[in-house]
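The structures considered in this document are given below.
Heads up, the next two complexes both have chain A, just with different partners, chain B and then chain C.
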Partner chain A sequence: MDCCLTWASAHLAQIVAILLPITMPLIVFQLLPLVVVMERRGAAFIQDRIGPHRAGLHLQLSSVKGVFTGEAGGLRLRAFGLIYNLTDIVKGLFKEDFVPPFANKPWYLIAPIIPVVIGILATAVLPWFAPFTTAYGQTVSGQIFAPEVGLLLLFALSSLSVYGIVLGSWASNSKYSLLGGMRASAMLISYEVSMGLAILGMLLIVGSFSLTDVVEWQANHTWGIVVQPVGFLLFLVSMFAETCRTPFDVTEGDSEIVGGFHTEYAGIRFMLFMSGEYFHILVASTLIATLFLGGYQLLPVPGFGTAWLKANLPLVVCGFTTITAIGLFVAVKLILGRRAHWAKRNSTDTALRVREYSFYATVLSLAAVGALALGIAVAALWHPQPVSGTIAAGTAIWPNSVNIVTAILQIHILLGKALLLAGLFVWVRWTVPRFRYDQIMGLGWKVMLNVALVNLVLTAVIAKLVKGG
Partner chain B sequence: MAKTIPRPETGLWEQIYVIEIMKGLRTTFGHLFKSLTDPGHFPTTSYPEEIHDLPRDYRARHRLMQRADGSPRCVACYMCSTACPARCINIVAEESPDANIEKRPAKFEIDLLLCVFCGYCVEACPCDAIRMDTKIGVLVGDNRADFVIDKAKLMDWKPADYPADDTQSQKAPGGTLNAQALAELHGGTRAGAPTATGAGHGQGH
Partner chain C sequence: MLHSLDQILTAIYFWGFASAAVLCAFGILFGRHPLNAAICLIGTMLSLAGIYALLASPFLAVLQVLVYAGAVMMLVLFVIMVLNQARDHVLPRFDKLSLIGAALPVLIGVLAVATVRHDHAALTSSATAVRAGVEPVATALFAPTKGYYLLFELVGVLLLVAVVGAVLLAKRRLDADPGTTDHPAGDAANGSVAQAGQNGKDAHHGH
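Here is the complex of A and B:
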């Protein structure tokens, strides 16, 4: 055990360099089903519907007679609509991979892959945790690939995903698809300018293009949204346009041009387009969080940066698990409310529903208690610097554990912010109606560009006055 | 003259958009919150596990009313099939064994695929023999023949499914007022009427 830890300490930078490019895209990828469920059920709940909730795994546990099994046929797990992702993928894979006879076949086949690949590539540039120095003096970067011009690279990648849309629409060789693709390319130039200008104010203040520098500046001062509220708003709106989300989803424009760029697509290729869109939402949310919401930093107050996190790690972990437990208990409360509701409804599957909700409530309660216990155990037993008075006093602790736990915590903080922002994307989608095509042009060129320019000039003047030099 | 609808006046706040969008977001969040916390507020029902209760006067699939002895109340007068705008009722009459009653339906068929569920047959019926209060709103069949329902199927219903205070309905076999109805029918309570059991002397009224 000891020699393993020593070896791991000596080669931590290499291990992270191998693990990070594998895990980060996967971690973001496995958030896709969550965002899809957020979209579907969120849409339904905002519209006072129940939403898709039928697909479920039916477990026949007749051999195990317990609380959750009964005569009415086992346990049904619908997992709040998550099972739909499974059924969707199965459906998509088993559908015929149809290529329209009039389509340009090679490009038609390649186009849906582009947005997903771009999304995966974009995770390479984002800083997921603060760079740290290991016990052996190696420097571990929080980015998979950390160029000086990280932000520009990210912008380039992000804009490239429009190429998937344009290529797909062109290769489909259909009028509706072409209209969607043309709208996408025209929209691209109208918001891309103000997007770049919106971010320039922030970069001017920070004085670097590196995303890690941006986050570190926010840790030392305050979050970007406080110093650049106008820039944040402009960037947010630009990101809605870049991800082709309502109110700027004219590229799909289902009420006008059937399905827009994906009219001719079906099966798994259509789903690739869709998952590319949701991947893009997640990447865009992470980028907004990185630039304006402090990235992987916990609080918008200077002095509570990475160093503070590391010094108070047990308490922070305890706080995290407590918050998790509270969230889980709230979820249990909601589930119990649903169980009570269904128990008194006259439905043929009442028993099945009640049993299912009981199962969820039990599992989540246990998880909450487990989280609480973990937090208390960490706070009581584990201390980064073994001090007298704690149970861990005198025990040698692997010095890199602090760094690693901090990194994992920071990934969670960043992804949590990104998920909240993805929720905002969904929330806005079901609130604001779609802009007309010319209205987007007007907004982009006549309003956002001017506001971004004024914001940039004002920021430059104030930065000069404050900073001097 | 064309009616001109003036564009609504928008002030500076509305034109800036941001505040108005935030108001919209507040509205939608209210719905989201309510949907999350109060499962009872969804106006939908989970069909087919739960079936929405139809009102009794909903024009659903037909049924034929019965006399106390179980025979159809229909006298095969053809008034319903005459009133039917869809011509979906097919009746074949035959002589009734009951001396008081002239005819009875040998065949009573309704083609539900033709039926427009207008309820004219119910209104036309002079002896309350056909009703549309079964609450059967969903009709399922594998072929067209399944949707042509005959006399036996029209009379296949349970008195317990219908309101107890409807004495007409409950006079059917098995109903609570069945004994009383049988007594009325055969006990000669109708003034001047010959007994129903006798055959061959039907000059009563």
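Here is the complex of A and C:
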């Protein structure tokens, strides 16, 4: 055990280099169902509906039959709409992989894969945690792939993602699909211009293309949204256009061109397009958080960067667990309220619902208690040692574990910001109506491009005056 | 010749990218469908970007993807909206012009081989030296002593003139057509898309 730890500690950079490319795309993929549920429940909330509430896992341990029929006495788990993702996947996988007649088969089959692949590749360039030096002197990067041209590489990837939509729409051999694809290509290419210009101001201030440098600059000064509010707004709007989300969803404008570029798609290939879209939203949210909202940094104040995090790790961990526990307890309270509400009503499945809500309350209470216990354990077992200590017999494990916990915390901070921004995407989708095609082009070329240019020039002048040189 | 893991990996990547580039180039030559040829062109561009990255020129590699991917996108749109697939199936793969096209790569190949044989040392790369990174390109372009920035700005003005000229030409045609003047430009674009034939169904449209 001891020698294993020492070995792992000495080869931390290699272990992270192998683990990170496997885990990060998977973690982002794991968040897709969450965003889908956020979308469905958010839509229901905004439109004053109940939302997804039917599909559930029926558990009845006493008889196998009950698992499928959900007879009274069993336990039905609907998991707040999460089960719908499961049923979606089953439906998508078992639907016929239909290719419309006269479609261009190879491109029709390949096109939906492109957006997903681009999304997975994009996770490689994003900085997930601050780079650190291990006790053995190895440098561990928070990016899977850390080129000096980081952001440009992301833009290059994003310019490739148009091909999935255009090829799919063309290969479907349908007028509606083709119209959607053409709209997508025109819109994405137009908004790439203002996207690039919106970001240039921030890059000018930071003085580097590297995303880690951008985040480190924000840690030392303040968040990008404070110094570049106009750039943030422009970039946010461009990102809505790049992900083809409302109000920029003319590509699939259902009231005009049926379903747009994916009209002819069904089953798993349609779901690939959909997961590509949600993947794109998550990557875009992470990118916005990285560039303008401090990335993996906790607070928008200088002096509270990674070094502060490492020095006050027990405090931060306790704070996180406490907040988690409070959130879980609030959730339990709400669920108990629902249980009381249903217990009063005399419907046929009252018993089923009460059991379900009791189950949720129990599980979440246990999780809350677990979070509290973790916080207390961290506070009790904390034994300060120098982070950058010399290597004596086995002590290198300590600074390394500080580094690892900090990295995990920072991944959580970044993903938390990204999920909040994904919530913004959902909010906007169900609030703002769809733009007309010419309105989109007018906004992109006549408004955003000019504002971005003025912003860039002003930023350049101010940066020159402030920085000198 | 291959001493370290780095060199072995570099060799593997190089031969992978190089063969992909050549295969895609042959795809452009022999593919009958213009869209397939366009996608093959992207394949070649991406493989070349990979080779640039291997040559320690990350900036060049990324620009290769950024610029050419966008440019080929335009080509794809032209193929979809303007070219007629049904007619292209009938066209022969090669004609007399192809002979000139065949002579050119042979000439370039001879020149390349001659260059490599003549000055071998200049082509050896070191793994640590970044050639076309952000910094070297920026210094080469914008160093005040060299004066390339003037040329850079002039090329920018030239491109602007080209854009203005294109808009002027297109606008004159729009004005001549009474049907499109009172519509926003976007609607006109939509209309032409709706008429763009594909898969030979609208072979009689004639563009």
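Here, the second predicted complex is superposed on the first by the 443 of 469 C-alpha atoms of A that agree within 3 Å, B and C clash if a C-alpha of one lies under 4 Å from a C-alpha of the other, contacts with A are read in each partner's own complex, and residues count from 1 in each chain.
In this section, a contact is a pair of C-beta atoms (placed from the backbone, for glycine too) under 8 Å apart; a residue touches a chain by one contact, two chains touch by 3 or more.
Since the structure is predicted, the reported quantities are computational estimates derived from the model, not experimental observations.
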{"item": "Clash or fit (per the criteria above) of chain B with chain C on chain A", "value": "fit"}
{"item": "Touching partner for A:Asn104 - first (chain B), second (chain C), both, neither", "value": "second"}
{"item": "Which superposed partner A:Val432 touches (first chain B, second chain C, both, neither)", "value": "first"}
{"item": "Superposed model, chain A: greater residue contact from chain B or chain C", "value": "C"}
{"item": "First, second, both or neither for A:Lys464, with chain B first and chain C second", "value": "neither"}
{"item": "Chain B versus chain C as contact partner of A:Phe209, first or second or both or neither", "value": "second"}
{"item": "First, second, both or neither for A:Arg338, with chain B first and chain C second", "value": "first"}
{"item": "First, second, both or neither for A:Asn346, with chain B first and chain C second", "value": "first"}
{"item": "First (chain B), second (chain C), both or neither touched by A:Leu178", "value": "second"}
{"item": "Least Cα gap, in Å, left between chain B and chain C after the two complexes are fitted on chain A", "value": "19"}
{"item": "Complex contacts: residues of chain B adjacent to chain A", "value": "18, 21, 24-25, 27-29, 31-32, 34-44, 46, 48-50"}
{"item": "Of chain A, residues touching chain C in the complex", "value": "102, 104, 107, 147-149, 152-153, 155-157, 159-160, 162-163, 166-167, 170, 173, 175, 178-179, 181-183, 185-186, 189, 192, 209, 436-438, 440-442"}
{"item": "In the complex, chain A residues that touch chain B", "value": "42, 44-50, 233, 334, 337-338, 341-342, 345-349, 427-428, 430-432"}
{"item": "Chain A-touching residues of chain C, taken from the complex the two chains share", "value": "35, 39, 42, 58-59, 61-63, 65-66, 69-70, 73, 76-77, 80-81, 130, 133-134, 184-187, 189-190, 193-194, 196, 198-199, 201"}
